[in-house]
């Protein structure tokens, strides 16, 4: 996979680093306070009206699809988003970060989609920019992960309608972090399956599955560890944009993030154990095969030597003349075989 | 195992993430000061009376079973427990944490049960909420781990009856941390057994036992490491709810927690050593098997070649006519065999 | 490779630790402010004029090739570069560092070139010294990595023409860090190739490729981890040489550096996984080979024993007289063979 | 080994966690100042007089054997030892710790005994409690590790007689830390032996010795790492009990402790290397065995096939009639054998 | 190797922990300021005059050989060296440390000698004690590592003659740290050789070389990591003995020390990679051997069975009568052989 990168371009240049898609961009606009609620949806960038900012209400522009740079520039410019933040919005490889600008706070964060068929975790970049009375969210996602949140706002569940843009930002992050647990659970299930397979039928192990799971955990960790720092900065921010009451909620989502990190680390350790188990299972199986080989060889090779001995054509081999020679030899062979098996059993090979 | 999770629900929504059970909830209510002691037990949520709070005495509501959300809501509401804390009480996957709310302090902690048949450590969530004159404890446990503590209070052993709710909270945590040592001891015994088995009869090793023990240690560590931080926050809390005299006791239980962490880490290192030992034992055994195979092959294959040589039907093979040919050949074979054994001994294969 | 080192020489002695080359040194001089722009190129050290320093404009001396110690001494002396900094400029093994001297700030940094044929990452030392109105850059590179930046200045793209020497220094570092991502991408591609090769045709693995990639990642990490510290010191510097507005840009490039470190660490973990995968693939293959060997041996050795038995020359072997003896034996052999295969299938070896 | 534990008992309850022994307790009492020196020894707890505390002199009660809880309670009570400290004195699993109580400072520390026959390091708990003019030491040890120190005091070597109880405490810790180096040296010797054995005669390796050494290092580390923290707290203590002049001596023993930690870590790394060496030695040996097996098989199996070919009883096999057939075949066999050896040598198997 | 240790001796007792040697001690005395320079050399301890200290000049006593405790006591006493420092001077196992005493600063440091024949890095303890106008250096070394430095002072190269004892101390440390790079380079060369040997002729690997190199890196790291801390304390020391101008030079040598640490860590990682490479090479080779064995066996065993079949002595074996039976069988054998090879090629074993 060749990544697109900007090199040498002036900082703040917008370069969409994902793959250009023909999928139309989807924009959802929400406007609410405790009494009123308005929702609008647009599929074309041109239609999007930039509403007058109003500190009494909360405005939320949710933009899905990052390839229409003009649209993003237009929205971002309307709210005075810093050019470095804009550059980060369209860079899908951006690591989670938190930056306070004069006009608002910028948060870059990763969401995850789990493709169970490929056993692949796919990170999706989500950028948030919030100021007094507005939140902008930019998603790489095609599917609508914030639907559930919009329903909550529409139905006025919880305290969200009474709070400002900082609480909405928290609520968005909370939804994303809750999704992490799903992905973690999926990885955990995969590990349980792998352990079962190793214990029951080590040969049917899908060769790349351990490595794929390892890569998934690395991806998750790479996104969640910086998120911890992001939330920490969010909590410690002394900006007047953030209501002191929101802090307790941020601490809660921070705690969830740490839980994700710890779970990831535990799963990694468990995965490491499974790899050792797998290697020792293979070794054990080889051991068993070697035992069979050795037993067959050790039993039959001496017997075959004896048959060869009496298959020789020397003119004088006295034993051959003995009328019971054949039967005596057969008896001797049985004794040898029994002796061998006794010895193998003593050696615990049988 | 599919976990239940809440996603997109407003923060503070109570969702019991464990398995619904039909086991009736058990509630124990204690009320004591230096002179008086009252204990009441209820099996039905409806019966539970909420006693008038009274700062002169200590009230302890101990609730076992987390699936009756209404009961928990009722109790928690009576004491002004914050909705985020309530959410954490019924979330059995909650990591240990310490949060100071206005009405009291919330502590989430893990207890362990060791199932020696499955060699499985099972964490159980215990939540504590204490304020001026009251302690609420919420346990996932069915068995009564705090019985011993209630006896102590009833019999007025120690200084517990003269102290407040902070000391009771400490005493509860102390009981739980003491139980950790039992689990650690169990794991240590398992490791000693595994070492014996590896040294004496490597083949009879139960395949998954090393991995199961590893997972147990990971689980313990995952619960105890955050507990260290929880106790640290408890000690450093400058809340007036906590009597300065309690601090020394908290430091003591903190020290025990560190001891558990260090023991867990040591056991992990020992386990790692056992895995190496196991792998090298298997390799050694394979080595021995290979030696036997090689010796048998190397001794008999040349001899068999000789018998084949004189079993050929060429019309002219002078040796066959020799009257002592057979005996000379037998002698030669003995010489070859002795030479082989001498060589193997020199190579230290015998 | 024997490295050149100075030992016992007084500190500040200039010793070029790279290989002397005959390639002529290339010097590019730039001078600009918002309106004016002048560029000059020299191929001989003697030609280089030292321009009058002027705080209103930015002067940039870019020197490629470090073996002409006299030239470097001359340039460095003109701008009052400290003798310890001069010593570092010509030491190609210098680790990235940041030192504030009285006359300006010294930054040592590594750039990378990726030789895809050898799968080798080659670090190149770049030293920067900037003061009021001037930047000196010293490169080991032969190819012109800053060309793209000069074009930007010439064409007045971005805000670079309105800013001072601190911003130019930032811009230079930004170009270098952007190049890191290319190298990281190359290593990532190599790992993807290796994974494919392991999964599809483990024997065709180039033996040293895993080790070479490991060494590459170690080299990158060794250069980027100290760079993180360098940028941190740059940001925290309270020197009046650095415009407060530049800080946000430095934070941005700092963030990119952390991203490089994290990517390197992830790739290292992935590489570790591939090594395990490789070892287990080899083991699995050996297992398959052993199975074939064991099956062939176990099937034919008993049969061969039977043929040997009836190839003996005893005078009395009753079976040999039986008219259908041969056919009965053939039948018995077929039965034995079928039994063997049935047993192997039961053991899942077939 | 089943450990004794207290669970649910009130904090401060004395439970001796070691094995009850019938060995009589041994108590040594010392009293000294710069001019005077008195030593008394008791073998029965009842005999022990509690001397009047006197700040002008130093009193040292050294108690060996921890199972007589009444004695310990009596001594500890006389000097106002806190109940939590008393509990720690009789808990042989107590990790090293430092606690400042009102009446004195409590230090728990580990000493080591090395049993060279079992290659086992055995930690012994030593507890110290010192206040103004007195030091109490409680040892699990049967043998007298402090004898050397008492001699020094008696003979007035060094500055010990001129100093107070803080210096005596330092001197006791110094003796214990000096003993660590002996144990470290023993482990180092064991590792040198193991390395020699691996290099010279890998088969004679005692199977469990690597693991036993690993466990020893883990035990040492587990005791010494917290000791580092203990000494750090001792040094930083601002208690008036500690003479500022003692600090330099404490720093010296602190430095020794760090040296022990670093040596332990180095030995662990070296041990890890030996394990790798051991595994690769076993693999190499298996390789050699496989080569012999392969050579024998590859040389004789084709030859045996030829003898079988001409041992067949077809009526028409023209070669058998040839008068020199046998000798031509022998010649061909020699040619084949030489060819094989040439090929093996080319493959570097011989 | 049995180490000498002091146990129970009073702190400050001088015990030389190295091996007593008969080599005469060598003492060099230097005295210089910007104009004057005097050098004297003594081979007998008795001859050494203790010069009047004079703050205007710098006096440097360089003592090689640590076994003459009287000499060291005499020198040390003359300059008021603390007894704990004296003890450290003669302890060759002392880890690098920095201690400020009243009369001067004590620095313990390690130098390295590389014995390329044994592939062994040998640490040598060097102790420095400097005060106003004097530096004492105590070396275990027999060879004169400071010769180059004395030449520099004699020839007045660099700024050393204009500076005080702190700069001389820096210069001594700088010489030692520069020597580290040589040792690091040697280890790097060894690793390159090992890599070549593994890739070209894995069997000729010297068995203990990987382990020896690992031990070397452990030794270097063990000495350099504390040195980092030593220099850090030196830099941060606010003693008036240290000229503020010296700090920049100390920072430079500190930076070099970090570079040594980082190089050591990189080399360790590279070594780890080589060990993996070595193991996989051995496995691969075993794989190849197994393939040959399996091919030979699988090809010839069935053929030999056929020859055995027609070598039986049954009275009725119809095939034997067929006039072309022998040739038909030969044809069948050729077909079987070709089929086998085709199958092996398909399996990629050939």
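Labels for the chains are A, B, C, D and E, by order of writing; each one numbers its residues from 1.
One rule holds in what follows: contacts are C-beta pairs under 8 Å (C-beta built on N, C-alpha and C of every residue); 3 or more make two chains touch, one makes a residue touch a chain.
Owing to the predicted nature of the structure, the values given are computational and were not obtained by experimental measurement.
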The C-alpha superposition of chain A onto chain D, two copies of one sequence, needs a rotation in degrees (nearest 5) of 145
So, in whole Å, the Cα centroid of chain A is separated from that of chain B by 26
Rounded to the nearest Å, the gap separating the Cα centres of chain B and chain E is 42
Shared-interface residues of chain A (touching two or more other chains) are 279, 283, 286, 290, 293, 297, 301, 304, 308, 311-313, 317
Going round from chain B via chain D, the chains run B, D, E, C, A
Residue positions on chain D within touch of chain E in the complex are 148-149, 151-152, 157-160, 171, 174-175, 178-179, 181-182, 185, 189, 192, 195, 199, 248-249, 251-252, 255, 258-259, 262-263, 266, 269-270, 273-274, 276-277, 279-281, 283-284, 286-287, 290-291, 293-294, 297-298, 301-302, 304-305, 308-309, 311-317, 348-349
Counting only contacts in the complex, chain C reaches chain E at residues 1-3, 5-13, 82, 84, 93-95, 97, 99, 201, 203, 207-208, 210-211, 214-215, 218-219, 222, 225-226, 275, 278-279, 282-283, 285-286, 289-290, 292-293, 296-297, 300-301, 303-304, 307-308, 310-313, 317, 319-326, 329
